[in-house]
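Here come two complexes built around subunit A, the first alongside subunit B, the second alongside subunit C.
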Partner chain A sequence: MRKTLTALALALAAATPAMAELVVPNLSYRTGPYAPGGIPYADGFNDYFTLLNERDGGIGGEKVVTPECETAYNTEKGVECYEATKGSGALVYNPLSTGITYQLIPKVSADKIPLYTPGYGRTSAANGKVFEWVFNYPANYWDAASVAIKYLLDQNGGDLNGKKIALVYHNSAYGKEPIRTLTELSKKHGYTLIEIPVDHPGQEQKSQWLQIRRDKPDYVLMWGWGVMNAVAIQEAANIKYPMENFIGVWWSGSENDVLPAGDGANGYKSLAMHGTGMDYPVYADLKQYVYDAGKASGAGDQVGSVLYSRGMYAALVISEAIRKAQELAGTSAINAVQLRDGFEQLEITQERMTELGLPNFGQAFKASCEDHGGPGAALIQQWDAAAKKWSLITDFIAPDDEVLVPLVMEDSAAFAAENNIAERCN
Partner chain B sequence: MFYREAGDFKTRYVDDAQTFPIRFDRLRYYAVVAVAFGVVPFLINDYWANAVLVPFLIYAIAAIGLNILTGYCGQVSLGTGGFMAVGAYACYKLMTAFPEVSILIHVLLAGGITAAVGVLFGLPSLRIKGFYLAVATLAAQFFLVWLFNKVPWFYNYSASGQISAPERTFLGHAVTGAGTTAAAKYLFCLIILFALAWLARNLTRGTVGRKWMAIRDMDIAAEIIGVNPLTTKLTAFAVSSFYIGVAGALFFSVYLGAVEVGEAFGIQKSFLVLFMIIIGGLGSIFGSFAGAAFLVLLPVLLKNILVGQFGWATDLAAHVELMIVGGLIVIFLIAEPHGLAQLWRLAKEKLRLWPFPH
Partner chain C sequence: MPDQLLYAMEAGLNGLMAGVMYSLVALGFVLIFKASGIFNYAQGVLALFAALTLVGFQDGQVPFAHLINAVFGTELHHFGWRLPAIVAIALAAGVMVLLAIVIERYVLKHLVNQPPIILFMATIGMAYFLEGLGDIMWGADIKTLDVGLPQGINETVESVTGSLLGYGFFVDNLDIVASVVAALLVISLTLFSQYSKQGRALRAVADDHQAALSVGISLRFIWVLVWSIAGFVALVAGIMWGSKSGVQFSLSLIALKALPVLMLGGFTSIPGAIVGGLIIGMGEKLFEFFIGPMIGGATENWFAYVLALLFLVFRPQGLFGERIIERV
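And then the complex of A and B:
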């Protein structure tokens, strides 16, 4: 054992990455049952920073490096990755896993490193008064649940009384997040919520869909991830569930989820927090500086897909926050604490998105000391199996803040009480 | 050469009965303990504590626990993950209900609660044996995970079903929560592991352990010579579950800080600990350490070599790592079916004769 330890020590000593100017670790997962979601996201994330390095020479003249660490969506490996990378001057973490996020929230708060969790993670982190180091704009799970219900209200002339809505969810922190909101909303709108958990990894869902066939809910919402999504959509097609009444969260709406079900998936809907496809000017630059230069991350076959776009969007927000932090700090070599200020004072307008080559791609938002959650609006997209394309069928729908704000306050207050955190920004 | 036994006379029975009767072994053991307690805490950093040593110590406790049940008493269990979950959730409920009490008390109480649950699920072992018992404990695994997912009381009605460890102290030092130093985490786990390993070693050398082994080797013969299978099997379940519960409590509170039951304590955890004792050696305390070290340290080591040294892509490295670990397990078990502990025993036999084997 001592020999192993010595060897380990030697390996570790030599493994310390070279100190670079701006380090944004990419805690990705390219293996395991969640790889269909992890691969495109990581590729989009890396490619956007590669573009900034190649085209603009980095951000404010500083190159960005994105050392990758494989978590396999596993919390133990996530901790290992966090500890392995935090010593290298890491500026911000984006682990793309709600479970790992829960673990990192206390750690980043102690180590003073921002945690950026767009569209996932702990919803109540939107309350910046309690969660100083965590940012989850532009939208979170409870926004998603509310937007989905609002869309259904819209479809039903503003009345969901007596309707049955089933929630098929990944039986984990991630999948359970929307339950509280959906229960609250069911009191307000009078629908019945049926909770149908699917255990990790979700490759076997016969009994769940049998239940749906028996209960005949009017709508099915899904909080799924990884292989679970594709299996659920296939099962829904098998029981001939009307696809237009089946709505997934934005993590259940990528090409990898619907393609395996073929024509059966036609009409499936999902939420989206940004546009998708390659009809944006930024792709011309990406093609010139990244893909054609042979610098694309991974196999390069995910370009333009929904989750690739999301990884790119996360990288874009981080790069804008870095820019803002550089401006505030008056130096281009910022540290993690300065980057936090950048995140907190970040404003992304439509004009800025157009400048960045992504017009109308995402919603405009402005963060503040209290608000780390953004406006939370989302779009609905629908799958066209014949054209193999997602098309947006609504404009941005704003969530029901009247219900959500008290919930966020209640949950963040519980966290503050558990951890003796005094509220900031007062 | 290494084992110079000439002149090492034993004049009292106590000397013969001690855990390490060979002087060189004894000195080496003292040296390891001295380094573990006296040197490592001063050198340790966050990476070594959180990614390497703390998980190793905690898995070693779990492996010793399972080894007592499976290796010493011969009762196959696939419920380790579920019992670890009992320890974790018991610890969480105690921590949040009695915040002023020392965390050590909570961890030990969590072990006690797990022992009670273990005895309950051990009752069928009086009637069912071997593979059938494995299936019964598998039911415990699934039932417990389902229970902790289903009943919100266990996770204090949190929105996500996650449990998170708040800061709690031991002798005035924080050992859970984000403000914990690497050395505090490491020492807290090390003290518990040291005490429990010492206890396990002495239990297995005494009457209790001999009864366990009698039941393992042939239960009918054991019964005829006066070993009561009821108390013997149930003490094995109780002691084993106590260890596993303590491991689960530490795993949640000290190591991860936040867990969700399906991901952290699923069936794969049961198999992982079972693999540890099979690779390390059934019925050996040293084997539990060796197995835990093999399965915790090797993947981290491989990852650091393949990604850090060779600069491979992370996904390629992850796949190759699985193949290497799998391959090594097969090779080890073919070369020595009784595990790393037996390899060590053979090496020691050879070394005692070296350089003059006859």
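And then the complex of A and C:
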């Protein structure tokens, strides 16, 4: 009896690590005011890892588990989720919240766990010399602001002198991120920046849009999230603001944001850091191994949407970083420190994206010890209300590094000084 | 006329319209508080639940589809029909009546004669329960609500003010509809409470539960009645706000806009909810217009509460609330 129990315990001990070797917690939000954005992102994130598990047997033979923890887009809950899951062998966090990211940066630095924040979070974390554990490639908020201005320059023959550009933003750490960049760029290009904050959740924006109606800015940029986006687009349609002059950041460019306004949203534009829709070969595999097998995350009704695509993209980058880390460490059962090396030496080429079934879906990039931010290029997409579809109207536009790099260096240097961080990578 | 004055007039006018939208939410609070002394924390969630149910019926969505599919491995999503708006509204109103019956039977009945704080806590529980129920029934994705209400700038107001003042005012058609609906609601509720048997019974219960019971008024019926009416008012508020932003879970936060209205107008007065809404709406928009740019903007959320608190300093019971004097 005793021998049997010992054998059983040994068998269990041997089996357990293989069942949960690569732990990638999914700090998601499927409830609360921001759930319409959190659900598709979480579904795309989970489904991609499910595909790798079902089709390839995981990554390097190790299955990936994505235990979900509900944050409700609430910073305190996000931190609780981090504390509750970090002991499970968590390899990386991707909380989909700038507020949570700011709270986690000191924690992951102490715990030595990578924090991956594609297209959100603290912009100056792009400087790997200071932010050893944070990665935000392929693009960040300041890249987005710069790309928007470069697009407008292109629309105006390279001259924005005398133009008025309004920034309608979520009155939070997230919404305020682009102000510094847009202010610097206004000095360079001669436009006037009008800042228009909207308080959480943004259900009522009459004052803001009356101001826009009075001030008549040539262009409106938006840094919104959740219901704020939908209300802003509806209000813009109400005051007959020309939609082709209204451009949102990539967090203001999902189907959720435009559908409630119906035909009024036609022509609205937004930035995008990846492709969208289901015209990619990876969806054939997803259908076979995930959707048709009944293993889709959530209700399975978000497939192909903008935010589903973004969640999938985040999972793809993490999985490639894991692959790289396994290669560097010479073992498939990597730990968080080894994954940091994988993130730092990650290179994703267009050939690799094609192999992964997502040709031209995202930009190629190569990270390094110094560069945790990637190339920062973005696309512009436009909403067709009749077809209920986003269409890409530009190729990838590179940001203005001449302005951005000094800003990133200045901000990260200030962070390093405040926190007594010695620069690395020297 | 100077441009600034015209702009201020436009901001004030839009503030009044926004105030009516706040009043629509505040009315539900007043009805329940007036009849039962309960501060219904769940009123915002009732508006969300009503709007979710309306869109669900209208679009022919299968309730609990996600749950059913997960348990039975089915692929149910829609019935394949789209109901006319009026039918969907009637069905959603029916669900709100059913909900009122369930609330009375399974919550309120067991809390008769409990202190108000217990009833308040129960409504907090109800709010979270209903939010979860709405999620499981209809899903948390954003839904487009289209019951045929007009939206966008009112051309008549714009052209009339343009020709008279040289600047065309913006007024949203949806806000005009909301104002008419709010006026009709207030008239109907006032007539109901003043001239119908049930309305008089409702007022009697509001004055004194024990005395009302002693003359044969059914407290349980009155509670079902008042929660049904509050549910209907929540449906109306849900339609108006949902038409603007789509139906999604932040709709429940519109309750935050109603609280300063209640503080200012009083918790027991239907006209107070309307007048309070108008004052809050206009006050916050004018403050944002004149002072907002000097202090960075986004003042409306907090200024509404400051305004309400200022009124409370002079009239603790609110503008129209009943002064409570407890004799020892």
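By definition in this document, the second predicted complex is superposed on the first by the 407 of 426 C-alpha atoms of A that agree within 3 Å, B and C clash if a C-alpha of one lies under 4 Å from a C-alpha of the other, contacts with A are read in each partner's own complex, and residues count from 1 in each chain.
We adopt the following convention: a residue touches a chain if its C-beta (ideal position, glycine included) is under 8 Å from a C-beta of that chain, and two chains touch if they have at least 3 such contacts.
Model, not experiment: these values are computed from the prediction.
When both complexes are superposed on subunit A, subunit B and subunit C end up clashing with one another. When the two structures are aligned on the shared chain, A:D411 is found in touch with subunit B, with no touch to subunit C.
Contacts of A:A237 after superposition: subunit C is touched, whereas subunit B is not reached.
When the two complexes are overlaid on their common chain A, residue A:N171 makes contact with subunit B and with subunit C alike.
Once the two complexes are laid over each other on the shared chain, residue contacts for A:G99 go to subunit B alone; subunit C is not touched. Look at A:Q288: by the touch rule set out above, it reaches neither subunit B nor subunit C. More residues of subunit A lie in touch with B than with the remaining chain of the pair subunit B and subunit C. In the superposition on chain A, contact of A:S368 is made with neither subunit B nor subunit C.
Contacts of A:T31 after superposition on the shared chain: both subunit B and subunit C are touched. In the superposition on chain A, contact of A:N256 is made with subunit C only, not with subunit B. In the superposition on chain A, contact of A:E76 is made with subunit B only, not with subunit C. In the three-chain model built by superposing on chain A, subunit C overlaps with subunit B at stretch 130-138, while the rest of 130-138, 184-192 or 346-354 show no clash.
Residues common to the contacts of subunit A with subunit B and with subunit C across the two structures: 30-31, 35, 39, 171, 197, 199. Put simply, subunit A touches subunit B in their complex at residues 1, 4-5, 7-8, 11-12, 14-17, 28, 30-31, 35, 39, 68-70, 72, 74-76, 79-80, 83-84, 86-87, 98-99, 102-103, 105-107, 109-110, 122-124, 171-174, 176-177, 179-180, 197, 199-200, 411, 414, 418-420. Taken in their complex, subunit C has these residues touching subunit A: 7, 10-11, 14-15, 17-18, 21, 65-66, 69, 73, 77, 131-132, 135, 139-142, 144-146, 151-153, 170, 172, 241, 244-246, 248-254, 257, 284-285, 288-289, 292, 296-298, 300-301.
Residue ranges of subunit B in contact with subunit A, taken from their complex: 45-47, 50-52, 55, 96, 149, 158-162, 164, 166-167, 177-179, 255-260, 262-264, 266, 289-290, 293, 297-298, 300-301, 303-305, 307-309, 313-315, 317-319. The residues of subunit A lying in touch with subunit C in their complex are 30-36, 39, 171, 195-199, 201, 203-204, 206-208, 210, 213-214, 226-227, 230-231, 234, 237-240, 256, 259-260, 262, 264, 294, 298-299, 301-302.
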